[in-house]
């Protein structure tokens, strides 16, 4: 790595020479940077960009069951998607799902973080319990809730019936299924979101609260005027992450509803999976994937545009 | 600061109620895993507790082997992610070269690509590499990680630039500086990312199923999937036992690493 | 070894405004050279360019007569102490001190020898196994110095090394650093924003503002003969009292800030009357008036008792002038105090260019006392 | 700490290098494995070493049986492996049929491909089109194997143009399960279950009247059941004789036939006697067992499970049919075993031997009783285990009777096309929308439109 450059005698120092050295230096720096990034770039290239390019390519074709292209159809896959009520429904469901899960997850996690931020005896146990859902895999969590939502022997309906309320067709009623899946997702995301928000709370300087105490501010006033604004970077982070995750939801759908009933929970990623794995329409699946990618990109971009302005960085 | 007693009680109430709500599904699964199918089906309280479900789960597949594979796969992915992410983050923080920022945004953009959407081309790559049923097939595709790079980059930025400069003056190369200074100094965030990476890889489920054809490298999540039937009646007790087996290692890890994890994630999220 | 020449050095980022503009400077071997200026003046950038941590946009940098523009820091044979000390938090004091030697693959025996010497010299022998976070500010500072010393590089660069210490410790470290530099015969380039530090430590000082050299010279020269308004107000504490001045030709008077009228003396003969003037006078030259020599009465607006000195602020037009009188003076705020102002103690500046027209006579009368 | 990282780095690099070059290396260090270790270890060293006479010939068998089915299957495979010295069959679970098929399509032709794959009946056309399989017919001809001993109605499904493509394995048909106790309570004859749509509606009403906590009838939103209800009316799913004489170009049923099912369901939904379990068969089963519903249609494969778990008397009846239509019978469902092309002869021969073993009456009897799937070989019904089981659970017999009462026609032979999985989903969605109070005409018309579009797409994708 060392460069054994001999010092140039003072008289020979011409400007052109330096430019050359500088350019060399820049090239060297570039290669050094690339060297560090190479492993990531290679793997991203192979397992992400290439598949992405391949996906875009496939989206203009029809394919056979093995995924080989057969007929070039230009934009037809895309046109079909936009005229397909099933796909439009799945876009709608996806957005609804984001709308259901993201705010609720964050509000609940924030509540948990706020109460778990008090200096009380045994608080560590509660923090551990609240973050526990992060350690539960999608497969396991979905199985838990699959049982909870069971129409006859599920705990939820048994509780409802015990309270004299008719059971709900959690996973069979189109009006409820998306909500049921959302509940599962919210529960699964709680742990991670909670941890980040708790960390955010703990990094708020206590003198802010002390000075507010001197001003005689009440609990909720402090919450609203100090905690939330000071927490905004953490909030911004979890919002971004939960939105991206929500758009990419797959496992719980596969186990809980498989897209039903009446396509109510056929979120885009699941729809892609079904199109590819069940229908062998890799072309159409690819077109959906491309659209999903674009949607997430736009959403994130918007979020950064709108959100960053409201974030108070320290 | 002292907290008034009434407020203390209110907080404890809130804490206890919400922890019961949050933890009850897990607790319920735990209890169910010891119940007989009869009790579960009739929706009664457990009349007797039994280990049969666990015995059954262990007998149905080589669960220990699956657990071992999960461990290997998760550790390898974790290490791979740590190495690649930290190298990349190092380049993004300490090296200056043309196109660095653009490249960083490209990295971040990769977070948006849902893996399931490109799972089939990925599978074809693994197939062409001859990596089906191998640990590399299960692990290598996940080494490069935009989230990890992002997290570590935020963290490396906290390392004073002067440390780098002091070592430059001392004549220390980038790679050595990365190894001997950056990695040890950023220990907390590496642990965080490690725990995060371990948890997510442990929980992977579609990819291990697709990229393996036999039990030699299969992971425990597939075992859980196998416990669910397609055309027959689910044996909930066994399924829950399987789920508990799957969940316990990660829960333990989480309980042990919770405070570090939280600290590291906060640094990544805040700055 | 150790002489540094800067020839037409400029620095700009992204082809925008120059951060440093055509700096020409020679630093002698064995010299303690201080770069001083307000924050943002470009002094740190200049230091980092010498170190090789920043690119040189144009110009030539020579160290020991060799052009080093293109050399990476490690090949320039220098050491550097940073403002935040740049101690590796995960390494012990010993490991920190030996960090550079390890990187340069100096053999182990030599390392230990130098470590022992340096630790002894810096008084760190007891602390070798501690981690940086277990050290006080002054100890950290010493470790950073030790790291520099142990490298045995003839050229040492320091970037505001004392700014994180409290006042008392700072004064002590000033002396230590100065002594070290002399003892080891180092060429030292020292960056600070604190003019007291500059004055007390430097063999020579360069005042930098807005990327331009204001003045280079010995501390006392800068104090007595500031080349421009910036240097005049930057060097010295309290700062030089300044006031806009107008010549009233017919009355043969100099009117300062529309309030102070001073009779024209022989000192002012060669001051052109047709330009805007700014006059400056050091606080110690605003003397207490005795019955015989009182020239003006000024209103005291603030009094600071320092023990051996008294600082009195006077209201002069729109500005405040400070007087520094030896001893303890019982002056009440609001009192009209008799003062003696000698026009010979004024420095005259051109208000438009800021350049010195004439320095105070005082300097010429009383040569700097040499022992 | 500072020493660890370089070592780990190095370790990873070595690991990657080692795994990359020699992918079978890992199976040696499976220290944590129990029991199945040797199976796994031998498995990885696939086909290539078949010439070695000391080694057992390995046959890789991909299947999609989870849960209890997997248990039964593993038992059979184990007994085969123990029964002889030459062949070692490794049964490996590959996820759902869909997932297994996707995986197979991707690895077909490579070393990772199995020797035998189990695929559901509607994957038949995809498998034939894939070009990566050997029709079983070749082995039958070469071996002089007599197929006439096997169940005719099952055989029919898997042969096309006189060629027999795959070996049926787990075959089932839908039947109607009912709660005899509830029937009795409602004043219905538990021995005379309803046969037509209208009779089911009537019985449902009676049930609900006698017990408001129990619903009358449940139909899982499952495309397969819809197909069966069509076939039972003698209707085709696809035109061109269910795709058996030519590639289908559109649906094969008439509006009257197709809509009758929707109307039937709608009537019960309106009566408030219908229990909606959506697409989830397991929930429906549990509901039935918990006494929430008195009748439902489901695969005969569940019969064993249902009878065992029900705390009441379970009745099994033929699939209902609309009034004024003859009962045409049912189409075989389930899955069959396919022989994969491009494997060494010794390996395929061993696989064929295993397939033949599966068809022996003893094995089939075991399988039939253990799971409720049919015995492919009717001789199995003469086996003592079956006779004993029938004695204990006479209901099991009904499933066999129904199959044997089926009249052979294109309708009951079953439809063949590669888009059927997609078609099923379309019908499921339509059914669900009716369950939830959607308009029948609208749901039906949308479904037909989508169905035809899917056929069109599938044909277009093949370049037709």
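Brief remarks on what is shown
Labels for the chains are A, B, C and D, by order of writing; each one numbers its residues from 1.
One rule holds for everything that comes next: a contact is a pair of C-beta atoms (placed from the backbone, for glycine too) under 8 Å apart; a residue touches a chain by one contact, two chains touch by 3 or more.
This one's a predicted model, so the numbers in the text were calculated from it and none came from an experiment.
Taken together, subunit A and subunit D share the touching chains B. Among the remaining chains, the Cα-based centre furthest from that of subunit B is the centre of C. Interface comparison, A-B versus A-C: the higher number of contacting C-beta pairs is recorded for A-B.
Subunit C and subunit D have Cα centroids lying 89 Å from one another.
Between the CA-based centres of subunit A and subunit B the separation comes to 15 Å, rounded to the whole angstrom. Each chain gets one centre point, the mean of its Cα atoms, and the points for subunit A and subunit C are 54 Å apart.
Separating the centre of subunit B from that of subunit D, both taken as means of CA atoms, is a distance of 35 Å. Annotation for subunit A: residues 2, 67, 152-153, 276 touch two or more other chains.
Residue positions 72, 74-75, 90 of subunit C are each in touch with at least two other chains. Each of the following residues of subunit D touches two or more other chains: 1-2, 99, 102, 106, 286, 289-290. In summary, the structure contains touching chain pairs A-B, A-C, A-D, B-C, B-D. Residues of subunit B touching subunit A in their complex: 1, 3, 8, 11-12, 14-15, 18-19, 22-23, 25-26, 28-29, 32, 40-43, 83-85, 87-88, 90-91, 95-100, 103, 107, 109-122, 124-125, 140-141, 143-144, 149, 171, 173-175, 178, 199, 202-203, 205-206, 221, 224-225, 228, 236, 239-240, 243-244, 246-247, 250-251, 253-255, 258, 261-263, 265-266, 268-271. Taken together, the subunit A residues at the contact with subunit D in this complex read 62-67, 70-71, 73, 85-86, 150-153, 169, 171-175, 177, 257-263, 274, 276-281, 283-284.
Listing the residues of subunit A that touch subunit C in their complex gives 2-3, 5, 7-10, 12-13, 15, 18, 21-22, 25.
The touching residues of subunit D, counted against subunit A in their complex, run 98-99, 101-102, 105-106, 108, 126, 129-130, 221, 276-280, 283, 286-287, 289-290, 292, 418-419, 421-422, 425, 428-429, 432-433, 435-436, 438, 446, 450, 454, 457, 460-463. Residue ranges on subunit B touching subunit C, taken from their complex, read 160, 162-163, 165-172, 176, 181, 184-185, 187.
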